[in-house]
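By letter and in written order, the chains are A, B and C; residue numbering begins at 1 in each of them.
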Amino acid sequence: MKRLPIQKRTLAMFAVIIPLFVLFVYVALRSGPLAPVSVTLATVETYDITPTLFGIGTVEARYTYKIGPTFAGRVNHVNVNVGDSVKAGQELGGMDPVDIDERIRAQDAALKRAKAQLDEARARLYFAQTQAQRYEKLFALRATSEELAATRRQELQVAEAGLNAAREEVARIRSEQEALIAQRDNLRLISPVDGLVVARDADPGTTIVAGQAVVELIDPESLWVNVHFDQIHARGLAADLPAQIVLRSQKGETGAAGHVLWIEPLADAVTEETLAKVVFDQLPEPLPPIGELAEVNVDLPALPPGPVLPNAAIQRIKSKLSSKLGVWQVKNGELQFTPVSLGTSDLDGRIQVREGLKAGDQVVVYSAKALNTHTRIRVVEHLPGVKQ
Amino acid sequence: MADKGIRIEGLKKRYGKGDTAVDALKGVDMQVASGEVVGLIGPSGSGKSTLLKCLGAVIEPTAGRMILGDEVIYDGGWKVKDLRALRRDKIGFIFQAPYLIPFLDVTDNVALLPMLAGVPNREARKQALELFKALDVENRAKAMPSQLSGGEQQRVAIARGLVNRPPVILADEPTAPLDSERALAVIRILNEMARQFETAIIVVTHDEKIIPTFKRIYHIRDGVTYEEAGQGRDF
Amino acid sequence: MISLAGRDIMHAWGKFVFTGMGLGLLIGITLSMAGIYRGMVDDGKALLDNSGADLWVVQKDTLGPYAEPSSIFDDAWRGILGMPGVARAANVTYLTMQVRQGERDVRTLVTGVTPGGPGTPGWPPYLVAGRQITRGHYEAVADIATGFALGDRLQIRRNHYIVVGLTRRMVSSGGDPMVFIPLKDAQEAQFLKDNDAIRQQRRRTAANPAFNRPQVPDLLNAVIASQSTNAYVNAVLVQIEAGHDANEVAESIRRWKRLTVYTRSQMEEILIGKLIATSARQIFMFLVILSIVSAAIVAFIIYTLTLGKIREIAVLKLIGTKNRTIVSLIMQQSIALGLIGFVVGKITATLVMAPIFPKYVLLEPLDSLIGFGAVVVICILASIIAIRAALRVDPAEAIGG
C-alpha cells in the first residue's frame, strides 16, 4: 500500500523551489564578502626602459632689457609700443630735458664773452709787447730810464698771464657746454640691441625714479622654458638631454623638440623642485607668449634591458612586523606576496624590478578588491565592469 | 447487544440563564443498539441539532445520562476527561456535506483519524484502504477530495466516520445533497456498515426519500423524543 | 503522523510561493536597508583603508581631514618624518568637488597624493585598469564609480587631467568616488582661486598704496607672488615603523609638533560615530518600521489563510485533533512563508537591489543570519493572532443546523 512518492504537483513545486534554493546558495556564497575576488595577471617582461622626466614650466626670455633714465625725471615721449621690433641704436623715447637747452644757450653766451675777453687779453698782450720792445730799444740807447723799461716788461708779463687765463676760461666754458649736451643726449632712451618691446611701463608725463624702466625689451631669439621638476622625479636630469615641449595652447599635440640647456644649481627649497632651463631647437612660429605654461618631457638614455612590470601591480603590505613593497603572485591557486626591490620607471607606468622577480613570472596586476593571503581569487581576462 | 450501542436517559439541555433561559432538550430518552440504523426526525428548532451536539460531546448537556457502549460518559457531568479522544475513538461523524480536508488526499483524509490516535502512518493508511474496498472507492484512494464526485466524497466521509471503529456514528443529514438513488445507496451502505462493523448509527434527517427505510425512528419535537416503528422498507 | 502544514502548503503551493515572493520583496528592502547602513560604515572604513595610513596628522584641535576642514603647512611632513617610529609621512589633500568631463560633471572627492610611486600613503592601493600616476602633473586615477574611462580628459578647476588608471571602492565617507591627482595640482585646485578672483585680487593689491610704491617698483610683484602661494595641505598621512606602538608615536607628535594626531581607531570613531551618526539612526528607524510592516503583513496573510480554513479546523477539532497540532499547523505555515520570503528577499537584495542603489550596499553574511532569525521570530509572533482565532473555533460549527 505504498504511495507513489512523487506526484505531478510535487514535481512542479520542486521545479520552483529547487532553483530558488540553488539561486539562494549561489547568492549567499558567490556575492558579497564571501565571493571570490576577480584578478587579472600580467607577465614580467624584459624591456629596455626609457625613463622620462616630466616637468612643468613657463616660457621666459633669457635676456630682458629694462630701458629707463639714469636719474629721476619726467618722461617726455615714448616712440614705441608693445610688440614693436626695434633695432640697436633706435631711440625708444626721451625724458623731459627741463632747462638743459637754456643752460646750454647760457653757456654759449658765456663762451662768446670769454672769447671776447681772450681777444681783449690778446690785444693787451700785443700792445704790451710793442711797448716793451720800444722801451727796450730806448733803454738800450739810454733814451729812457731803467725804471720805465722795467715797468713795461712787467706789463708784458701781466698781459701774457691775462691771455692764459682768458684761454683757460674759454676751455672751461666749452667743456661745461659739452657736459650739458652729453646730459641732454642721455635723456634719450636708446635700444642697446635688436629686440622686441614687451612692456611700456610709463607714458609721457610720468615722473619716474632713476633706474625705473620705461620700456622693457626682450631678445626673441633667447626664449627658453624655465622648468620645475619634482625632486623625487629628477634623478638623471642633465644638460643636453633631448626634451619635448608642449605648450598649454597646443595641448594634445606632440610638442616642439628642444633640449636641456642647464640645470640650475639652486633648487627651490619651498616647493621641493629642481629648476632647469630647456631651450627650443627651433623657435615656434609665432612666438609663444612669455609666461605661457609648458609641459616638458625629458628623455633619459635607455637603460639596459631588464625585467619590468606594470606599476599597477605594486602594493604595500603591512603586517605587525614589517611593511614591504611587493607584488601578489598566484601559486597553486593561492595568493602569495613576493617582496620586490624596484628600479627606475618610465612615464607609461613600467617599472624595473631589481630583485624578487625574473622575466616570465606571472603577477597579479589588477584586482577588484584589496588582497590578502586568505582571499579566494578567480583569475579572469578582464575585470567585470571595466570598460574596454 | 443491548449493552453495546448508545443509550440516553432523561437528557436535558438549557441554553442561557434566568428569564431568558431556553430549554432545548427537555428529557430525551434514546437507545440504539450496535448494528442498528435509526432515524432522528424533527422540524427545525425541535432540538435536533442540540441533541446531536450533546451526543457528539461537543456541548455539555445540563442533566441526564449518556452511556456509550458499556461506558457512562455523562451523568449530570462529563465522566470522561479527554473529550477530544472520546470524539476521535468512540464517535464517528458523517456530515451533511462531506467536509473532507481539501489539502489531504482521500486516503490521508481517512487515515488522519487513526494517525491522530497514534497509529503509524502505514498502518493507518492500510485501515483506510480496507474501508475503501468495502465502500468501493479504492480506485480513488490517491485522488484529492476536489476530484471526487459528490457520492464518492460522501462515501469517503463515511469511511472517515468508520475508520476508528466507533461504537456509534452520528450522521447529520448525510443524504441532503444527493438525488434519491444515491441517497438510498448511502442508506444501504450505512446499513451494511452498521452490520459489518457492529456500530450504532443515528441518522438525523428530514429527507422524505429515506425516512421509509428506517426500522425505527425517533421523532423529536419541542425537546422531547417519541419513538415509533418505521416502515423498514427495503432499499 | 503526517505534516498537516506541509500538506496544506503543497496543496496551494502556487499561492503560497507567490505570497512568499511578495513578502520576499519587502524583506529584500529590509535587508538592503541594513546593507546600506553597513555600506555607509564600510565607506568610512574604505576611506581609512585606502589612505594606507596608521596616523593622521591634522591642524591642531580639528577633527580633520574628513569630518572638519584642516590645513597645515606642506613642509610639516619633514619634521614629522624625523620623529622616532615614523616610517613614511606623506602630504595629502582632500576636496569634494564637481569634476567635469565633457558635458557632464561628477561629484567626487579629489585627493592630492604626494609623488613617490605605488605604496606611498594616500595612493590608491590597487587598480582595476590602467596604471598609477607617473607624471607629477595633470594625470588622474579615478574610481570606476565615477563612470570615467581610461584616456578621458577631466577638468578640475583650471587644468585638464588625463585618466590613466581606474580603481574601485575608493570613496569618501559620504560615498562620493575619489579621483587621485598629483599633490601640487590638488593644492592649486584647493587653494588657488579662479582667474577672476586672481585678477581682482591683483587689482586690489595694486590699488593699495602700501604695496604699490613708485620708489620700490618690484614690491607689487613680490606681494602678488606671495599672495598666490599655496603652501598648505589638509593632512599628513603617517605610516609607523614596524614594532612601534601607534599611540606612542601619535603622542610624541602631539607633544613635540603641537599638531593633532588621530590613530586608526580614533579616526573610525570620528567617521562612524560622528560623521554618519544621523544617517545611521535614520536607516535604523527605517529598519524598525520595515520590520513592523513585515510583521503586520505576515500576520495578516496568516490570519487570512487561517480564516479560509475555519471549517476544516472545526472538522479537525471535531474528529479529535489536538490543539497543539492545530497551533503547529499555523505556525509552521507562517515560518514556511517567512523562509520563502527570506530566500526571495536575500536573492532580490543581492541580485536586484544592491546593484541599482546609488550608494554602496554591503550585505554581510552575519546580517543575513540575524535577518533570518528576525524573520522566524516575526513569523512566530505574527501567527499568534491567527492561532488565537483558530483555537476559538468551536468544533460544534462542523455540525450543521
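Here is the rule we go by: a contact is a pair of C-beta atoms (placed from the backbone, for glycine too) under 8 Å apart; a residue touches a chain by one contact, two chains touch by 3 or more.
Keep in mind the model is a prediction, meaning the values are calculated, not measured.
Innermost chain of the displayed assembly, by C-alpha centre distance to the whole-protein C-alpha centre, is C.
Centroid analysis (C-alpha atoms only) places B farthest from chain C.
Averaged C-alpha coordinates put the centre of chain B at 69 Å from the centre of chain C. Separation between the centroids of chain A and chain C, computed from CA atoms only, is 47 Å.
Chain centres here are Cα means. That of chain A falls 115 Å from that of chain B. Chain contacts: chain C has residues 10 touching two or more partner chains.
Within chain A, contacts with two or more other chains are made by no residue at all. Chain contact summary for the complex, chain B toward chain C: residues 44, 48-49, 52-53, 56, 58-59, 84-89, 93, 95-97, 99, 101-104, 108, 112-113, 115-117, 121, 144, 160, 172-173. Against chain A, in their complex, chain C makes its touches with residues 10, 13, 17, 49, 52, 75, 87, 115-119, 125-132, 134-138, 144, 149-150, 160, 164-166, 168-169, 184, 214-215, 217, 231, 239, 241-243, 340, 343-344, 346-347, 350-351, 354, 362-365, 368. Against chain B, in their complex, chain C makes its touches with residues 1-2, 4, 7-8, 10-12, 311-312, 315-322, 325, 394-396, 398-401. Note for the complex: chain A touches chain C at residues 9-10, 12-13, 16-17, 20-21, 23-24, 27-28, 31-34, 54-56, 208-209, 212-213, 229-230, 232-233, 251, 270-271, 295, 310-312, 314-316, 318-323, 325, 342, 345-349, 351, 365-371, 383, 385-387.
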